[in-house]
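The following block contains the structure, expressed as structure tokens.
Here the chain labels run A, B, C and D in written order, and each chain numbers its own residues starting at 1.
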Amino acid sequence: MTVKLSNDQIAWRAAQDITDGAYVNLGIGFPEKVAQYQPPGRQAIFHTENGILDFGESPAKGEEDWDLINAGKRAVTLKPGASFFHHADSFAMVRGGHLDVAILGAYEVAENGDLANWSTGPKGVPAVGGAMDLVHGAKRIAVITDHVTKDGRPKLVERCSLPLTGVGCVTRVYTSLAVVDIEGGRFVLKEKLPALSLEDLQAATGATLVVAGPVADLIVPEL
Amino acid sequence: MTVKLSNDQIAWRAAQDITDGAYVNLGIGFPEKVAQYQPPGRQAIFHTENGILDFGESPAKGEEDWDLINAGKRAVTLKPGASFFHHADSFAMVRGGHLDVAILGAYEVAENGDLANWSTGPKGVPAVGGAMDLVHGAKRIAVITDHVTKDGRPKLVERCSLPLTGVGCVTRVYTSLAVVDIEGGRFVLKEKLPALSLEDLQAATGATLVVAGPVADLIVPEL
Amino acid sequence: MDKTVADLATVVAGIEDGMTVMIGGFGGAGAPIELIHALIDRFRTTGHPKDLTIVNNNAGNGHVGLAALIEHGMVKKLVCSFPRSADPVVFTERYLAGRIELELVPQGTLAERIRAGGAGIPAFYTPTGYGTLLAEGKPIAEFDGRAYVQERWLKADVALVKAETADTHGNLTFRAASRNFNPLMCMASRHAVVQARRVVPAGAIDPEVVVTPGIFVQAVVEVADPQQEEDLNRANAVYPGEA
Amino acid sequence: MDKTVADLATVVAGIEDGMTVMIGGFGGAGAPIELIHALIDRFRTTGHPKDLTIVNNNAGNGHVGLAALIEHGMVKKLVCSFPRSADPVVFTERYLAGRIELELVPQGTLAERIRAGGAGIPAFYTPTGYGTLLAEGKPIAEFDGRAYVQERWLKADVALVKAETADTHGNLTFRAASRNFNPLMCMASRHAVVQARRVVPAGAIDPEVVVTPGIFVQAVVEVADPQQEEDLNRANAVYPGEA
């Protein structure tokens, strides 16, 4: 199985589900790519935990203002209509259900919607940031991830083995091979790469993939 | 017993205990008079529940701005250094212990520090406002009141008979006859009108007045 | 994105029977008179909405704004801290006749319950009200040797809010003490409807001075010269005038 | 009333061994570098304060600011949400060697616990962390059929805060995303110490744009040209320079 979506292509696919005017939080790192692939005519409003709504792209190198950063400590710019607020107000937006969607990375996602994305175990320094708040806050929690780990183990599993970020919180997973919804404690396959057989996809998945309706072709965009 | 302090004289006495730079909330009505009697050289900062810090006197008649009012819905003015904030921040100031003193009226004060000042019983429309928040918020809760009711019954009592505003919250009472502290569940007399005998004062009081140290003369200011 | 709505009738059209509606303001400061009157107009035309639960600090004054809403029989229950005023006759008569329910809440608890609703905090503990009638039946817990009352969040279907300036994204500023409950009610309601003296393009409000970020606001209507409840009551106004 | 203090040494003089100190900032934005360095200077001269409990979102970066405070052995325990960064070697080494305690708190819970400390709310319920390691041992309660974790307020003896403009009454404004935890920490500490780029007379800040009202601030010191942690770290700075 050599054909799979690149991270940029996964991010593109996730971006197609974000409606115009949606309030969105993108996790640090890979999920930040989603912002680059908004369809023409749509403008989401991006929230960052450290107190900015409606921030934009990075400034040119050398133009950074280090008081104007996002949660990943990356310098950003402002769009017209931006606002600043303190951390309690910022997480009132998160916890209070005011964000339309949060898109996060994952170590593991389980068929019951559990997410593990903050700790790879007891070794090293633990760090959680805002992930545990986000997974119980936004109206919709989506995950973008490679379908399997670097050494080929499934990331979509029956039960998470790593420490949980949140319980029963994820509703959609965009992977390098498929789009999978979590419905009633099951992985329901919505889209898959056209060249990939259901059997091969199932073999790369650590829990049963339910087919409960039409399975669309996962688009491979040219980026 | 015809000699007693007027409301203005009680307010004057209470004002003497407010230090320079203190943050103060004055209850609606009679307690508002305290602001007029700050000793020269001292400037307290007055807080009002509806979101102003450092407001000043009423404007001239006809000059009122009805967006600039205090909790009693009276038009006020601003002093240099004033600020506006919403109701949750305003009561964070109250409940969080940031006010140095709140001075409130009372129907009854008990020797255990209980205060009743919001309801005269089940008849009519109940209304509480910010009184219950204030009595558990400010560092010091003082009461100013006539020593007895209009029909001569004591307002300083063993136990409140009216619905409570707060439990064990009052530490000092300024009355028309005396200054009384509440210490260890007892009324401790600190000052009394010089012409008034201890016996007569006790007779006008509904609980034992303890003399546990020198009793100073309550000053009768010329206002 | 443009949250601007052209007229008052449209902006209140979605408010239905039985909803919980938070109304901003403390006294006349920040009371969204035009929005309330638009809601009364809707009721006079259609018979709806009625059986509303209203959350406000007070119970209205005179015969305009919230008092007029009550006077039209649209309000089933009021959640407030201080249902007294210079002229609360409309509420008082109905309350004493048992025709309107009252949930009396200490003012700071009311503010915090609304903020909690907006911030996703289902319950919190406060010293306020401990040992009083207003804490009866509520869970009590001790922390560090002191007793506290558990209070629940307060949320609403709709908030009616008065702002000074709004931009098309719904970012708001307020004027003086008319801020009061307005920013909190935007947070705690599914649909926050704002009347603003000025509606400006996105970017025209300095990001540093935004009080309510647009994420908490769903609709904005410009009311360039809003009425002040206090002025109306001093003129003994009645809504609607030709009664 | 004038809360201005002339110099950095004086303003940190009251910070003693064993105290809990909240330090504002998120990354380099809003980190009060000069106040932290003044505290290090005090330690280098007097051997105090030490055994501090520090509350900050992060665990420092490089060898300046909070990282330098840890590197000097002044910190017994850190309460934070994200003790990782581009260069967290100072904290990481000490943590893995068991020489510093860590209380890991989800970022929104950290913010809310600090606000609760400032607002007199001893405990609240949040969905955050339910069913995870970070909720272990904490009371769980169900509201409307959903499970929540009980969290306690967080208070401090001192807060070290960076502001943009302060007036002599302690009213503050911040700059861009350097607001972050700073206003909350002013609320939650007995003694909030602020470094501001500009100190102006009372009345020079518009009452509408005050972010932190002066009631939450105890001391203000002007640092006209503050260092930015991010710039220092990009230049591989070490505090103090002549080590």
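Here is the rule we go by: a residue touches a chain if its C-beta (ideal position, glycine included) is under 8 Å from a C-beta of that chain, and two chains touch if they have at least 3 such contacts.
Keep in mind it's a predicted model, so treat the numbers as computed, not measured.
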Joint neighbours of chain C and chain B, given as chain labels: D
Chain D reached from chain C - shortest hop count over touching chains: 1
CA centroid of chain A to CA centroid of chain C, Å: 36
Chain A and chain B, separation of their C-alpha mean positions in angstrom: 56
Averaged-CA centre spacing for the pair chain D and chain A, given as whole angstrom: 30
Two or more partner chains touched - positions in chain B: 52, 84-85, 88, 91, 94-95, 136-137
Of all residues in chain D, the ones touching two or more other chains: 112, 115, 119-121, 126-127, 174-176, 207-208
Pairs of chains, among all present, that meet the touch criterion: A-C, A-D, B-C, B-D, C-D
Residues on chain A engaged by chain C in the complex (per definition of touch): 20-21, 23, 43, 45, 47, 52-54, 78-85, 88-89, 91-99, 136-137
Complex contacts: residues of chain C adjacent to chain D: 112, 116, 119-127, 141, 143-144, 146, 148, 152, 173-176, 207-209
Residues on chain D engaged by chain A in the complex (per definition of touch): 26-30, 57, 59, 81-86, 88, 91-92, 95-96, 102, 104-112, 114-115, 126-134, 174-184, 211, 228-231
Partner chain B, residues of chain D touching it in the complex: 1, 115, 117-121, 167-169, 171, 187, 201-203, 205, 207-208, 210, 213-216
Residue ranges of chain B touching chain C (in the complex, touch as defined): 48-52, 65-71, 73, 84-88, 90-91, 94-95, 114, 119, 124-133, 136-137, 163-167
